[in-house]
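Note that the chains are named A, B, C, D, E and F in the order they appear, and that numbering of residues resets to 1 at the start of each chain.
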Amino acid sequence: MKNDNIKLFRDGKRVDGRATDDLRPIKIEAGVLHRADGSCYLEWGGNKIMVAVYGPREAIPRHTQNHLRAIVNARYNMAAFSVEDRKRPGPDRRSREISKVISEALEKILLLEKFPRASIDVNIEVLNAEAGTRCAGLTAAGVALADAGIPMKDIPVACAAGKIEGQLVLDLGKEEDNYGDADLPVAISPRTGEILLLQMDGHLTFDEFEKALDMAIKGCNKVSELQKAAIIQKYKVELEVE
Amino acid sequence: MKNDNIKLFRDGKRVDGRATDDLRPIKIEAGVLHRADGSCYLEWGGNKIMVAVYGPREAIPRHTQNHLRAIVNARYNMAAFSVEDRKRPGPDRRSREISKVISEALEKILLLEKFPRASIDVNIEVLNAEAGTRCAGLTAAGVALADAGIPMKDIPVACAAGKIEGQLVLDLGKEEDNYGDADLPVAISPRTGEILLLQMDGHLTFDEFEKALDMAIKGCNKVSELQKAAIIQKYKVELEVE
Amino acid sequence: MKNDNIKLFRDGKRVDGRATDDLRPIKIEAGVLHRADGSCYLEWGGNKIMVAVYGPREAIPRHTQNHLRAIVNARYNMAAFSVEDRKRPGPDRRSREISKVISEALEKILLLEKFPRASIDVNIEVLNAEAGTRCAGLTAAGVALADAGIPMKDIPVACAAGKIEGQLVLDLGKEEDNYGDADLPVAISPRTGEILLLQMDGHLTFDEFEKALDMAIKGCNKVSELQKAAIIQKYKVELEVE
Amino acid sequence: MTITPSIKREYLSKLASQGKRADNRKFGDYRPIKIEIGYIPKAEGSARVKIGNTQVVAGVKMDLGDPYPDTPDSGVMTTAAEMIPMASPDFESGPPREDAIELARVVDRGIRESEIIEVEKLCIVPGEKIWMIFIDIHIIDYDGNLFDAASLASLAALMTANVPIQRIKPMLEKLQERYPEIGNYLKEHPDNYTLPLREPPISCTSAKFGNVIVMDPSLDEEEIAEARLTVATDEKGDIRAMQKGLNGSFTVDEIKKVIKASIDNGKKIREELYKIVGK
Amino acid sequence: MTITPSIKREYLSKLASQGKRADNRKFGDYRPIKIEIGYIPKAEGSARVKIGNTQVVAGVKMDLGDPYPDTPDSGVMTTAAEMIPMASPDFESGPPREDAIELARVVDRGIRESEIIEVEKLCIVPGEKIWMIFIDIHIIDYDGNLFDAASLASLAALMTANVPIQRIKPMLEKLQERYPEIGNYLKEHPDNYTLPLREPPISCTSAKFGNVIVMDPSLDEEEIAEARLTVATDEKGDIRAMQKGLNGSFTVDEIKKVIKASIDNGKKIREELYKIVGK
Amino acid sequence: MTITPSIKREYLSKLASQGKRADNRKFGDYRPIKIEIGYIPKAEGSARVKIGNTQVVAGVKMDLGDPYPDTPDSGVMTTAAEMIPMASPDFESGPPREDAIELARVVDRGIRESEIIEVEKLCIVPGEKIWMIFIDIHIIDYDGNLFDAASLASLAALMTANVPIQRIKPMLEKLQERYPEIGNYLKEHPDNYTLPLREPPISCTSAKFGNVIVMDPSLDEEEIAEARLTVATDEKGDIRAMQKGLNGSFTVDEIKKVIKASIDNGKKIREELYKIVGK
């Protein structure tokens, strides 16, 4: 429901007090689950996301196996209680599309040729949702894959830029997403700057797009530092325990 | 909704001006699709039907294979937009029954023993529906199978007869189907006159049935000529191209 | 709908005239179906239940096979017309849970090691339902398994006890089930007294539970005699026929 | 799976060439038919039908419902058949397969198209509330000829069905606040009453193998059959529905012969049915 | 798949014969229990429960709905459990399997039959509009004893749930045009308020292998268990629900012993729960 | 399955290094586009679109419906795509797979987010009755670039759609008893009228393999493509939607280049579309 009475800027600040290029607060923790081969818990603004990685393990059913490389099964799932109005459990069209684009984004970065016939299963559970869950989920998946020790060229990371009330901003919050003019989620490989995921809804001129893409990539790079810190933190704890 | 105010005859003619033993206009074109092994586009009155044939090819999943003969999978499907009130996509009970009776009718005519373990897939898409789609679909399937070069004893053909306001007529139209007294779809092998498909709903005395069946078979034979012309036309074009 | 106006006792008798430890009338017939390997028809109060056993036979699909022992597939199903308000055909959560607990109860009693890779399929159809169908179904399954000649350590049997208006009673009827305080279905191996199935809903003190369990076991033993009589009757008829 | 039918085919064909069937019936005869009514107390109407060893239970349930927009003043009828794993080692659990769908649809059409149920009498509030009739068919034991057993059981269940006024009364009285015309309906129908029906047609099924056509095929005969024809005929001997099945063909003459035999058998079965349901 | 359990069985049975468990617990002891409330801001009530390494999140959502015809003045409660592939290498995606269905139904019955939720207070317009309560249980990490973790998380979520008047107000005000009695409801409940609840029973689960019965089985113990018993008891030590699972059996004496141990542990867990939810 | 693509890759890459494509197109060129409107008489609007050998039929159906609670005064639009087995030897029957879902969602977003349909004009009774628009896309022949063919067919179907007042009138008149404001609606709209629309953006899809990026990939090019980018642009050359697909990556410069080429091609396709639909 678009509403012209909603004001997304007050005194030059966004509704949650951020400047245009500020991220929401992010907290990342690696290795939080007992059973999974790798895991990550991530809070990003109001989002709470848990990721468990299993694999590489034999792909089942067998007809899904690729005898040259591992397959990646990312499964993005929203808990029934994660949103304002309860969501019916199980995959819907939106979650299946997001699972697909995240799987494709991860495939580029993983050394899949090392594990023919295997599957790498990335379970992304959105426990509490508040705008930007696909970027948050992909970011957490990157950390969980690293935690699982699965060989990767890089740790993929994602962040969105967007436009609200005519201004370009980084990392849309809930109201900005609902009432804004454009949303541009982007995932990159931070080492090479290659773009792994890109979607856009809304309305941007070519110039705005150029700037928004640049903004999103800068956001990705900031989040990338937080990913690395979380992974280092996990290894530090492990070393201390030993 | 039966309605006694509906008049299906005016001045001895049917609502669309036909005599009792007239067919609706029919147009048949073979070889209209690029990917399919054989195809046919057919217009029959207001019906628009596309058929694609794939095969013989290995039957999948394997447990469906018959090691003595090919299996026939006819799949009759109505497009969501093909009817007055939008139809939910996907097979319903009606389309699954029609798929079954058409598959059975085709099995008799195909030389299935030549292709053990194979399947012959006949996809019948009803794009616009207006009474008599099962006969139209089976007729188009016969042409598409010929176009695919699949060995057959004969080209199967179908046509319905029926009863409206107490009179026997050939090839019921939309209103005749809705407000008529009986519908008798029939498929035959035109060379032998054997009956491959036969259904009847409504009310016919034994005498009426005899006459209606005769009428339907005559209709089949007329349509059969149109099928052959379409196949010849296709080969002519191919020869000209060469 | 609990209703304080419902009276479940009149003049010390239950609504259907039973004393607290009376069973409803039970009728058991073995070997009533032509196709099944073993079968049983059972009436228990208003319940009418048919059980067909197939097996041991190769378990399908193959990935369900256990190479050390047979698997047991009990399938409890209520006919759409078996209850006051028509039930949608097909398994619901309740019937799947009951299928599971009955399968588990039967596994203990069958000599499954004799039939590696096999399945024993126990189809329990509730044709008319009136309280206590899971006990009735398991009891009938025991007879049908014996009729199929499947090696068992014992013939399992089930019966419920419960509490209504503060009093413990055997074998709850329809109204007693709807308006009572507790229901305790129990299945045992009558030879050893081992408990194979136990569920409880409602409210019982520990003392009440002890007594109710004792009551249910006594009920099981009575029903066990009827099971044996039905099996003997079947063999008598068979011998007479020969 | 391929050997047994071929032996059966040889054996049954040889018998047939001598004018015989494995169970000593004549080509045009049915196995013994047994109809029991009132088998399911919870149902509005019910019947168990045995044709030989084939056994089918049908139950009719009724409920309040909303009419379809294009028939605002008519009741609604639905038929479902479950070929449950109980009935045959070859039936699987899960959603109905093509066979069960065809079975339910043929029985459904036999009832619907011949207009047995007077749906226009099943309207309670025009355009708003009507009776829904659910016919559920449970195949209990499968030894051939499900079409006839299922349709006969459905007919017997319908012909003994009572409109469950008593059960639905509380709901009707609640709806009366919104639709006062329910008052009149309840005045006219203060208690359960017999479901209003027209004369039903009777379905008879034949199967063809080789040059032989037999009525009421047993399971063995069905397994080797090349073509099947079900013909529903009414009291006057008119044809009310037909369905050809399987991948073989019939000649025109064969079809006429089958229809005549169906009219004959239909009469006998109708007499038996009417006797049982007390018509 | 068959070797590992047999080695586990041997090892754990040997330990058990010495009165020991692999994690040094006593037979009747639980692993550490950790309850966090308010874990899911979007939910009306929520909790994360850890029992040892087992981790479960439960969320309560509420919405307006229509009552069932046979309970026109009562709210409606639904419980669903998802054993998502995250929690174990053995869990698959797809519709819930038998295990998840049994889990949800046992938790559901524990809440429903013990009448924790005062459903009669969840009526907004009698016969027309009621509150629906959805309890969704997400298994995050599976290391044994899901029944107790799931039911404890559900209870903690319910006991901290707020009826979301603020969120639903626009819809209620719209419905008020049709149902003026909503005005009174909103006057009585101008703002979110605590979900009205009765005292909950606490579920305790035991597992039997060989001659040993242990409480709160770990995953390894569950894998070799022959029989399982879940007993829900209330503050007075009365029994409110039971469910036996798996294909082994119990003697009558074993069952009585398990019930007593469940009453004892139930008390401890209840104290912990009340402390956390502030009762 | 793995050999053919590698030969194709080698062949097409070699051609590409010479600046060529297998069908002699330039990297930035489309295959011939053919748009036919009014293809499906039963639909409110319809079109068949061919891009080369790829063939797609889209139909628009409209029906009365209830609005979503959070948009009580807006019509509702739904898009579904069926990749039916007719179109390719690799498509299977059954529920839509990931590819068909992505296709439908991308087409849907292209229409929804660019607000082509003036949903606020599709309200009949505020909060109660609205128009539902169903766009169904049937893939008939698949030779690459379904995204553009499907979105172009959908646009052409929408732009030629008529609101079916005549068909729905009986139902509207019946509803008028309950919602008198329908009288005004029918006075304003006595007959079928053109569906009100805003200017549509046009989708253009590119594919990357090796170092080459081509527009409107053929099936062979799609099979070896590493990355795909669909860009929808409007009349002013602004970007209205984007979707990157497949498991390869783009550099920032590549993306900008693709956008520019999409703007150019979008203009040409828009001209063609407007000519056909008579704008």
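By our rule, a contact is a pair of C-beta atoms (placed from the backbone, for glycine too) under 8 Å apart; a residue touches a chain by one contact, two chains touch by 3 or more.
Owing to the predicted nature of the structure, the values given are computational and were not obtained by experimental measurement.
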item	value
Chain whose Cα centroid lies at the greatest distance from that of chain D	A
Longest centre-to-centre distance from chain B, chain (CA-based)	E
Whole-Å separation of chain centres (CA-atom averages), chain E against chain F	47
Mean-CA-position distance for chain C and chain A (Å)	52
Mean-CA-position distance for chain F and chain B (Å)	31
Shared interface positions of chain D, touching two or more other chains	none
Shared-contact residues (touching 2 or more other chains) in chain B	none
Chain A contact footprint on chain F (complex, rising order)	2, 70-71, 98, 101-102, 104-105, 109, 113-114, 229, 234, 236-252, 255-256, 259-260, 263
Parts of chain C lying in touch with chain E, wherever the complex brings them together	1, 68, 93-94, 96-97, 99-101, 103-105, 107-108, 184, 189, 192-206, 209-210, 213, 217
For the chain A and chain E complex, residues of the former touching the latter	33-36, 46, 48, 50-52, 54, 57, 75, 77, 79-86, 89-91, 121, 123, 125, 127-130
Chain A contact footprint on chain E (complex, rising order)	39-43, 46, 53, 55, 57, 59-61, 63, 80, 82, 84-89, 93, 95, 134, 136, 138, 140-143, 167
